[in-house]
Amino acid sequence: MAIDTAELPDPDDMPPDPEDMPPAGTSTAGPNPGWLSDDELAYVRGRLPVVYVEAVPVRVDGQGLVTEVGLLLRSTPDGVMTRALVAGRVRYGETLRDALFRHLENDLGPMAFPLIPASPVPAQIAEFFPLPGISPYVDERQHAVSLVYVVPVTGSCSPRQDALEVTWMTPDQALAAGTLAELVGGRGRLLRQALASVGC
Amino acid sequence: MAIDTAELPDPDDMPPDPEDMPPAGTSTAGPNPGWLSDDELAYVRGRLPVVYVEAVPVRVDGQGLVTEVGLLLRSTPDGVMTRALVAGRVRYGETLRDALFRHLENDLGPMAFPLIPASPVPAQIAEFFPLPGISPYVDERQHAVSLVYVVPVTGSCSPRQDALEVTWMTPDQALAAGTLAELVGGRGRLLRQALASVGC
Amino acid sequence: MAIDTAELPDPDDMPPDPEDMPPAGTSTAGPNPGWLSDDELAYVRGRLPVVYVEAVPVRVDGQGLVTEVGLLLRSTPDGVMTRALVAGRVRYGETLRDALFRHLENDLGPMAFPLIPASPVPAQIAEFFPLPGISPYVDERQHAVSLVYVVPVTGSCSPRQDALEVTWMTPDQALAAGTLAELVGGRGRLLRQALASVGC
Amino acid sequence: MAIDTAELPDPDDMPPDPEDMPPAGTSTAGPNPGWLSDDELAYVRGRLPVVYVEAVPVRVDGQGLVTEVGLLLRSTPDGVMTRALVAGRVRYGETLRDALFRHLENDLGPMAFPLIPASPVPAQIAEFFPLPGISPYVDERQHAVSLVYVVPVTGSCSPRQDALEVTWMTPDQALAAGTLAELVGGRGRLLRQALASVGC
């Protein structure tokens, strides 16, 4: 099975690790209809906006105030380092909370203990289009509608997949122009908006 | 071309009127990639969550306070009358604002003059699944992620398509148990939540 | 010092217990300017809207979904039992987070371990006026602007002060007309709105 | 009557013009209890947080997208020019909508035709303290809890009071570091947060 990581550096919906992958020979007609082969994914991506969830991991103090912001450090196939948010596709049949939890676990490891907000209303909505100019957000692969949440994490983070590292920084550091510029596809703007929603 | 209105009474993404339909013989490979044939729509609906926008039309006074709520009255193919919100699918390549405006115009007519909120963050998010029990919202046709907005309208409404009427009522009337029960698929709950966001 | 509990059954800003009270002989000109004598409080209450925070305590599952709602059971000076939210005044010089934490601890005990939301934007705003008809919310004592939050609690609750009990119920039970009617001053409506913000 | 404009350049709750002022000899015990003499205001300001409303005036296109942001240009008593948001105190007995409308009219003139949002929940909450370090917002005069709204205006603006001008600029211009730095007391941060809530 060809892996579509060639599409990176954007945060991706690729299978994160073996246990999350369908057993060999499993077709999408099987028990988990959320799984799509590469061909299927390419087909539907050209016909419907794809639902994404994104998360800005934060540390909070005892009164909920954000003290640190976590950004993923990823390496693109070309070897370029970029910052990224936790992000990924919502599968067919999957709830937003399940998708958010799955991608947080994939990107931050099983000991991150995220506190997913009680409200399903996201901090911000971002619309990604394959061509620039329609919105501030660009994703060459697809038209995606992304629901962005700020998620406190209480445990320890050990990045998996293609994320090399989770960098924790103060909100002011995360909002510095230099940091925001390291996020691709307009996600620096999105990070700024998400942090604004929590008073940063 | 078979019309999928048989799937009603849910608010639908069907072509609302001739001018909004693709010219005869147009394929989705053509200039408007948002158009899907029935077969294509059926195919993708079984593989991805579909993005919807829904709107609760309201009248407001000079200070923004909601004074009236508009509910659509529809007739199902079986002749059953149901209440509905303005709702419809977001097409590939279409912005949320375009989709919201298009469906408001389709359902309320061209003279409704809706004031789409400045914030893209919806009042509420609803997740519809084909089978009950996964969330409070059910849509037999598909897994849909619906962004729900409260939209003041300032003009006159003349329902088109299959909506027989727009009924204006006070917020208290809209929130009465009897009214909420007339909305199908859990949308009574959604109406209650949307009105809560504007203090009703 | 006369205690203004005679003003109950509304949730109140009275000193909750000895350790939270000013030492005998302390004037408000002293180190804690947030303290007001009864006369001062009565004076300012007739001249400015008073800032309140209110909290709906909830239990959430591992993905943030609200599973239970906590309501305080109080006895009025007349012996009438009423339901109440956690609520209280924001003192001069006190942050909203400090006030929220203080009132949660006063009403739920020191082991409740509340998770105050990262966002300072409340789930709902309620305006209480001494006379009915100006808004849906009435507080005979004052004009209050109340910021209402939904706050997950993770520990065990042992009500203090005048709250006899914290009753945990399902969201549907909390939203039942009979329950909402047990909250005074329009707070049933407020509870409904706050729960709507978390998808209930 | 001494005027407390010496406390400027912060947006202020001072009487904006003669018609809005109490008749000579009127005491606050009179028909409008929201009026406070300078002595009274000074007294209560030292004892309670004061409720403020602030507004970011914007122009939107036909689909609600923010195209321009309006900033007030004020002159301080020292002759320094500063940028400001529409802002002012909520009086005793006054609703938030009334206060918002009153201050918009005072600062933008009677032909601005603001569209006050249907939702009473503000885009952001800011806590101002007399001393720096408690929050990012400072107001030497008082402890204020400010509810910040983004308000589309549809008419023409003719500043009154001490505002010399309303400057309209693009969202990107408003968010430029140079512009944000022209707002005092931390309000540059607040403007950034408010604009983030509408996707800017």
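Letters A, B, C and D mark the chains in the order given here, with residues in each chain numbered from 1 onward.
Operating definition for what follows: a contact is a pair of C-beta atoms (placed from the backbone, for glycine too) under 8 Å apart; a residue touches a chain by one contact, two chains touch by 3 or more.
The model shown is predicted, which means the values in this text are computed figures rather than measured ones.
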| item | value |
| --- | --- |
| A-D or B-D - the one linked by more C-beta pairs in contact | B-D |
| Subunit A and subunit B: spacing of chain centres that average the CA atoms, whole Å | 28 |
| Between subunit D and subunit A, distance of the C-alpha-averaged centres to the nearest whole Å | 37 |
| For subunit D, residues contacting two or more additional chains | 120-121, 123-125, 197, 199 |
| Touch-based graph of the chains, sorted into line, ring, star, complete or other | complete |
| Residues of subunit C defined as touching subunit B within the complex | 124-125, 192-193, 196-197, 199 |
| Residues of subunit A defined as touching subunit C within the complex | 58, 60, 62-66, 97-98, 100-101, 115-121, 123, 150, 152, 197-199 |
| For the subunit D and subunit C complex, residues of the former touching the latter | 28, 33, 36, 40, 43-44, 46-51, 90-96, 120-125, 127, 129, 134-135, 143, 145, 147 |
